[in-house]
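In the two assemblies presented below, subunit A is common to both, partnered first by subunit B and then by subunit C.
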Partner chain A sequence: MTTDVASVGPAPRPVRRGLAHRLGPLPWVAPAALAILFVFAYSMFELARQSFQYEDAWVGFENFSLVLSDPLFRTAIWHNTLLLLAVPVLVLLALLVAVMLFETRRGIVAYRAILFLPYILPIPVIGVVFGQLLQLNGALNGTLDGLGLGSLTHDWLGNPQLALWTMGGVIVWKEVGFGIVLFLARMMSLPEDVYESAKLDGAGFFRMHWHVTIPQMRPLVIFYVISEAIVMVSWVFNYVFVMTNGQGGPGTSTVVTELYIYRTAFQDQAPELASAAAVLLFLSTLVLIVGFFRVQRADGGTFGD
Partner chain B sequence: MNARRSVAAALSAAALLATAACGGGSSDEQRPANAASPQSFPTEDVTLTMWWWGEQEAPGAKQWLADTVKAYEAKHSNITIKTVLQTTDGLIPSFEAAAAAEQGPDIEYFWGGIYSQQPYWSDSIVPVSDYIPADELSHYTNAALEDTYDGRTLTAPWYVNPQFPVLARTDVLDEHGLQVPTTWDELLNVCDVLSAGGVTTLAGGVKDGWFGGWLYSMLGAQSVASKDDVTAAVRGDQSFADPNHAEWWTRLEETREHGCWNDDINSLELYQAQQRWVDGDAAMTITAGTDAPNFVEKVGADKVTVTTMPTWGDGAYAGKMGTTSQTVGITSWSKYPQVAADFIMFMHTPDRLQAWYDQTGSLPADDRFDMSKVDDPVKKQLFAYAADGAPYLENFIPSALDGKAVFAGVQLVLQGSKSGEEAAADMQAEAERLRRTDRSLVDNFEGWTD
Partner chain C sequence: MLTHRLGVASRHVVLITLCVVALGPGYLMVTGSLKSQSDFLDHPWALPGNPSLGAYRTTFNDQFTQWLLNSVLVTFSAVLMTMVIAALAAWGLVNWPFRGRDTVLGITVSLMVVPPVVLLMPLFQVGAELGWISTYRIVILVYVGLMLPFSIYLLANFFRTIPASLLEAAALDGASPFQVFRRIVLPLSGAPVATLVVVNLLWAWNELLLALVFLQTDEKKTLMVGITGFQSRYSLDIPTVMAGMVVATLPLAAAYMFGQRYFIRGLTAGGLKGE
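Moving on to the complex of A and B:
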């Protein structure tokens, strides 16, 4: 009996320890978790509820149908999609500059600070400054004229064919600093012996970084791609609002989904349509977030290692 | 417009009657017919918040408001009024956010017409006529034209804005042997001559959109018979693609074809562009009526002619300036609407009317203002235009239509990527879409027109 008890006795103990181990942190995270739940879950519930109502009456999917049939909403979605083209540009630029800094090392701290500066500047400041710089008779065109490059001058923000691309350029200018610092930090932490081995094997600059650096940074690159994609889909409102005085102009050339939601809710006074559009935007962002976690899981959850 | 409002109105009336029965006292002479009876004026400490706009177009308004609040608080020691100046782009969105939360200002600034109607339709304000007597309101300029719905006055006019004077620099025109244009052909001729000489005829900026609405009102009014034509097009009884509603787009296109505007009109805000005129780089510009005297003063009255948009149409309003009153309203969540109304009436006392004119140079929206005290010829002329003004069209279309069709369309027509005809078709399409998305729009506009 004693032997039997002894043989089975220890078995439940790990279970009790496991449960306690799992529940242990709960009291510590519960306040924050509740706050987050309240802030996000409640607002999401309210948003979803409002998107199915009109003047407090249930209207089913009517608001979604009206939003989806609005050419301006489709235009806004298309503009967000076009802005996604800035993501590969961002990744390439950030990788390129990070590798150059990594190789140079000299003055790396100063360069890193300078390149990171745009990222920490407030977007309204950037918007106002670029709004002035990019006027038809502004400093950029003035400089181009002065250099004899008058043929390159354009109405950067006043021409509907150019305005969105100009906006994309400004976003890249600001966001690339984040990528550079992120990638550089990772490169600095990579083991030196791997590079030394590669060099001994005769790897040149390109092959070494293509076959050694980038593969080791894959999770970080994926993180950057996903976070910048989320920026392009649902975080560009500030740029557009400040640089076009909240109009998304000229015409509708820079209207993005967030601006559409804002204007629908607060200028057109149609909160139910704005809610429906916001739900659609949330779902599209959710696709990106889920995509990120899937890639991360497939990668063995190595991000941050 | 809906059951919710009726219930709210009934509850408000009941609450006010109850409050009135409970007593209280006040020393004011002017008293509204119903709610703001002497008994209902609070004796406890009251703090009101007022969100306002107007310093941008009537410099001096800030000081006037501070003085007025101070004078009112001196008269009512238990009342404190806090004022918050809003930005142009933030005026409507801030209020919409406040309305959604049902907290924020007690007194809110509204432009006239649709801007005072929409908050009522969404239950965000209570009619001022519930608290201010009819004989008092009858003195408020443009209240009946723009701010009345179903017999109730929604917001109280504060000051009049002649919308919008064209300021012409005779010195610039003289240099090229030109006269101030009064007809459309004359204007296009001036544009041809000046653009050939590298001078801008009309300085404007549409980046911020607002100027598009001005142009619609100034050009579009020349071919409609009345504001009811416009509201009929909103309801779908007329079309914005009909010639009387669409022709102005073609005239706008002509101004681009004749090089009338500064080439960077799409990348400038209106206020930036107006400076070109002050600097002598443009022959003409368009300003807010309230601000026009300041612009004239900067250049010198002897060099400036204040006029209306050159005429192209033969409608009743061709050659006239639009008139509108900027207003203030009382929010539906204000705990002391009677105090808010009392303060609004205080803004219309003779001393305050005169002070408004003295401090801003613009016309208070009250026919009791003594016009004989206006001796400045520019102001006199502007006030005369406003007295015989045309309805300001932009105030009679939904703000969504204004923003999506007019602001955007003007930008594209002036940039050259859209024709006037296409812009008119877009405006009609947007109006049709709005009638589908805003399911109360037609009813609300019918109530407004009736």
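Moving on to the complex of A and C:
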């Protein structure tokens, strides 16, 4: 718009316009830029600086080697890695349910609304309610007993062998609705004739979705995989904190990296070690963040505005 | 034909089972809040025999009311500020194209996946130096910073779709960029703004980690911080705990019932562009 006006103006004006043009967005963008620079850029710079220092003296990689040799940190990382196993479960479950909804059509709005509901609930609330539900004498074990499945009852959160998997189950319960809605939206926007011709070719249920639906949804599936992987690696603090009273217990069976950082910084008062751990966590998510960034851009190129 | 029908029926059975699983914990929470402790322990899934609001009375006699008000204050101010700042920034980025703008936007949206725990300590130290621990301004400031990337991204994507002819006409009439923004761009942006308000409200209302670290005194806590301690305080009074959870969820659940499509649209916007 402005370029049009500038091009019909007298000769000196485009130059001034050009400068004004370049500085034009500044007042608009400045408040956001300041807030983002403070919250993200400053913090990350400070974090990196502190991870190499102890009491204001430069100590090289010492904090990192201390953290990496801490068995609890390794345990925490291992637990996040195990939680990544929930990602394929989420993808398969979400795809399956989305296909089912897509094929059924009837009641799709109501089903979708209900299945998406867990995704909007506050994690602290989910943690507290599941904490009750999964007690040894809680509602889940009571139900299993009532159904004659007493052999399946467990101390879901009290058994150190099981607690992390239980946590993973709760996360799946919350996150799957996001995938269902995401995939369903894309399926609904796929052109009908693709399916028509596949049906004419005599493709069955699995062949059709394997060869037609899944390939069409590849970028979206990748997006979901990356989003959920980020959740498992670096956004599970709330579940663990609420369901284990901030302890990561029983024992250390549900300690995750975020909890390790939180406790090292605010309970053990060792900010330099927590910084090193946070840098390591950030670097491991960076791989995922770069992936996220590339999917975003690729997305924009194919079917963006 | 028969197999087809059987297929449809069994699909509904599976879907209804999944809905029961999705709703189960919520059902347990709502009915549990209306029961007595022994009733809850003996028959967790039964409907409350003689529903009582006693648990809600206990809840509100506690500091719950204060926490609720704190959550409302923090959430609303943070979201309002985010919306204003993000709208200005998004319009600035869209209206004045410069080289590397798309990269700036791309990096901005990538920031939304940076784990908050990474940013926590440096921000806490700044807060401590300023004497802002247990004040709302530090929490609001950090929330605004964390909500901006996605908000700018979503609004910028929308602003780009506004037809240039509309804006050119206004500019030729001598309207200043701000007038164009206020009289033309904003009135067209109802839907994306509503979507974004909903998503941001949800995020800020549900946020725990930062509030936990920044708001340490009991009277400043938000609801999410409050309920984590509430659980152990009333560990022998499950109905009261459940009543607390209902109160913490209700504002969202009510909003979800009325504005479902805004929730769905907003929360999936990162993955589904231009749909």
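Going forward, the second predicted complex is superposed on the first by the 256 of 305 C-alpha atoms of A that agree within 3 Å, B and C clash if a C-alpha of one lies under 4 Å from a C-alpha of the other, contacts with A are read in each partner's own complex, and residues count from 1 in each chain.
Just so it is clear, contacts are C-beta pairs under 8 Å (C-beta built on N, C-alpha and C of every residue); 3 or more make two chains touch, one makes a residue touch a chain.
Treat the numbers as computed from the prediction; the structure is a model and nothing was measured.
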First (subunit B), second (subunit C), both or neither touched by A:L83: neither
Touching partner for A:S275 - first (subunit B), second (subunit C), both, neither: second
Partner, of subunit C and subunit B, that touches more residues belonging to subunit A: C
Which of subunit B and subunit C A:F266 touches, first, second, both or neither: both
First (subunit B), second (subunit C), both or neither touched by A:N245: both
Which of subunit B and subunit C A:I289 touches, first, second, both or neither: second
Which of subunit B and subunit C A:N159 touches, first, second, both or neither: first
Partner chain(s) touched by A:M167 [first = subunit B, second = subunit C, both, neither]: neither
Partner chain(s) touched by A:A113 [first = subunit B, second = subunit C, both, neither]: second
Touching partner for A:V128 - first (subunit B), second (subunit C), both, neither: second
Subunit C-contacting residues of subunit A that also contact subunit B: 137-138, 245-246, 262, 265-266, 271
Touching residues on subunit B, where the partner in the complex is subunit A: 2, 4, 89, 92-93, 96-97, 100, 118, 122, 206-209, 263-269, 398-400, 403-404, 407-409, 411-412, 415, 417-418, 433, 436-440
Subunit A contact footprint on subunit C (complex, rising order): 8, 11-12, 14-15, 18-19, 21-26, 28-29, 32, 41, 44-45, 85-86, 88-89, 91-93, 95-96, 98, 106-111, 113-115, 117-126, 141-142, 144-146, 148-149, 152, 157, 160-161, 164, 167-168, 171-172, 177, 202, 205-206, 208-209, 212-213, 224, 227-228, 231-232, 238, 241-242, 245, 248-249, 252-253, 256, 260, 263-264, 267-268, 270-275
Sites on subunit A touched by subunit C in the complex: 1-2, 4-5, 21-22, 24-29, 31-33, 35-36, 38-40, 42-44, 46-47, 50, 97, 100-101, 103-104, 107, 111-133, 137-139, 142-143, 173, 177-178, 181-182, 185-186, 189, 220, 223-224, 227, 230, 233-235, 237-238, 241-242, 245-246, 258, 261-262, 265-266, 271, 274-275, 278-279, 281-282, 285, 288-290, 292-293, 296-297, 299-300, 303-305
Touching residues (chain side subunit A, partner subunit B) in the complex: 54-56, 66, 70, 72, 134-138, 155-161, 244-247, 249-252, 262-263, 265-271, 273
